[in-house]
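Here chain A shows up in two complexes: once beside chain B, once beside chain C.
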Partner chain A sequence: MRHILIIATLLGATGALAETPRDFLARFEKEAGASASVARGASFFTARQGGEWSCASCHTERPTQPGRHAKTDKAIQPLAPAANGERFTNVAKVDKWFRRNCNDTLNRLCSAQEKADVMAWLLSLK
Partner chain B sequence: MNRYLTLPVLLAVLTSLSLPARADRYSVPKHAAFEEECGSCHLAYPPQMLDAHSWLHVMNGLAHHFGTDASLDDKRRVAITDFLAQNAGGRKTGVTADAAGRPLLRITETARFVKKHREVSAATFKRASIKSPANCAACHRQAAAGDYSEHSINIPK
Partner chain C sequence: MDTHNIRLRVWDLPTRLFHWLLVASFITAFVTSESEKLRDIHVVAGYTLAGLLVFRLVWGFVGSGYSRFAQFLPTPQKLVDYLKSLMEGRPQHYVGHNPAGAVAIFLLLGCGLVASLSGWATYEDLGGHFMEELHEGAANGMMAIVVIHVAGVVVSSWLHQENLVLAMITGWKKAKGTKFQ
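Let's turn to the complex of A and B:
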């Protein structure tokens, strides 16, 4: 009985970690209660939103390419899932980086709609 | 006879010359969370470069970390803080506080950093290829391995 519980827990844990980028798009659309817009995501990502930086300041306007941290110059691996299979596969990481980077670029957290739009645009890049 | 003495003497001289350089090597202790979290945005600076008091203040202010939000979940923040405190400071670094005793948060403001970089102009640090004195690896090409020795310096134009 104990073994079955352990196996079930392990399976549950792996299941929770193995997210795909499309899972995040679906989650943000559900939270927003509306479908995402690729065009809105593109302009949101590339234009400054009140802060000193836009998303593109570090991730570039074409995030299938590697970027550089705007302040420290540290190399940043491509953000678009088509170019980097590790992106948007872990809930904790995705939530952490949206929290930090939205605060840095907007001085507030992003709405679910904004996150859905960005996800849709990133997924559209080949 | 002289010919047999030359080589050992030469080696001894070379070894003694390389000693000061060895003093600028830091052992970089392995810690997965530290490397991942701190190393995402900048070089994971050797914990020895600040004293424990400074690290505690850095880690208590991550939501406003030199102009960016570097906040962590509590579990990771505590684990990384403990790691930094355990490996902090040392004889070379000494106390990293200002004249009023407040803990310094920037490695670049510590007495050791200032002394070691006194020949590097502010204009050099601002070059597009360097950007900031916090960008160790721009000049210290082996910085990621903890090697800050003179031999490994290559200041880009």
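Let's turn to the complex of A and C:
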């Protein structure tokens, strides 16, 4: 009986780690203290922000499609959750790639508002 | 006891070149790991590191004296004796790798091979998220061993009053009161 309880607790803990894309939108909006804008997300994603690359340089302007790495030319799976169920389901992975990719495109980290806007736009794509 | 300086050729040229090229390729790979813009440099550094490790594995069998694995293969007994001597403040002196250093070297070679293979797999989109995590874990493991290694070199250089960094550059060590093994 004790084992079953332990296993159930562990499964519960693992379940709690899995996130949905909407959870990230909610989290970034909460961190920003403001609601997200789909339109702002779209222009942020597709336009260069002072750096050499925009998000779209690798993920394309239509991230329901596969992208292509701007440096290595390797295929990149679609970023929009509607086209790829694996995206935005793991906190560590999401935080890691926002950190890396924001530094590559903006030469700084993204603000919570910028991440919320991008999330809202990605979620609006069908 | 006669403690006049006897100069000993410890590290052969291939071992020294391997060591410093490994330092360079590991640092290059580590500092370029976070950027997609520098991804091609990271990959070249990784292939270089893998090639160096393969060379070292071969050199461990066919190289000269102190570079051979058989010369510094750490047995549990040797390791315990060495660590005891450290704690008693009378560290045993080895001309080549001491047993603790030898453990670090084998761990470094192992982590380096895992990091190279998992890095290649990640780059080729094989193995998914698991490979990515393995790659980062192995690379961070290498960095942890490197930090311990450098600390060990500093402490050991001080305890034995010999410049180990210089020895890895020139290949020569001064032997005094040395246990030849």
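What we mean here is this: the second predicted complex is superposed on the first by the 113 of 126 C-alpha atoms of A that agree within 3 Å, B and C clash if a C-alpha of one lies under 4 Å from a C-alpha of the other, contacts with A are read in each partner's own complex, and residues count from 1 in each chain.
Simple rule for what comes next: a residue touches a chain if its C-beta (ideal position, glycine included) is under 8 Å from a C-beta of that chain, and two chains touch if they have at least 3 such contacts.
Everything numeric here is computed off the predicted structure, so don't read it as measured data.
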| item | value |
| --- | --- |
| Superposed partners chain B and chain C on chain A - clash or fit | clash |
| Touched partner set for A:R62, first chain B, second chain C, both or neither | neither |
| Partner chain in contact with A:K30 - chain B first, chain C second, else both or neither | neither |
| Touching partner for A:D104 - first (chain B), second (chain C), both, neither | both |
| Per-residue contact with chain A, leading partner among chain C and chain B | C |
| Contacts of A:R22 with chain B and chain C, given as first, second, both or neither | neither |
| Contacts of A:D73 with chain B and chain C, given as first, second, both or neither | first |
| Clash with chain B, by chain C stretch, listed 7-15, 79-87, 133-141 or 151-159 | 133-141 |
| On chain A, positions contacted by chain B and by chain C | 69, 71-72, 74, 99-101, 103-104 |
| Touching residues on chain B, where the partner in the complex is chain A | 40-43, 63, 66-73, 130-132, 134-135, 138 |
| Partner chain A, residues of chain C touching it in the complex | 34-37, 39-40, 43, 123, 125, 129 |
| Of all residues in chain A, those that touch chain C in their complex | 52-53, 58, 69-72, 74-75, 90, 93, 99-101, 103-104 |
| In the complex, chain A residues that touch chain B | 69, 71-74, 92, 96, 99-101, 103-104 |
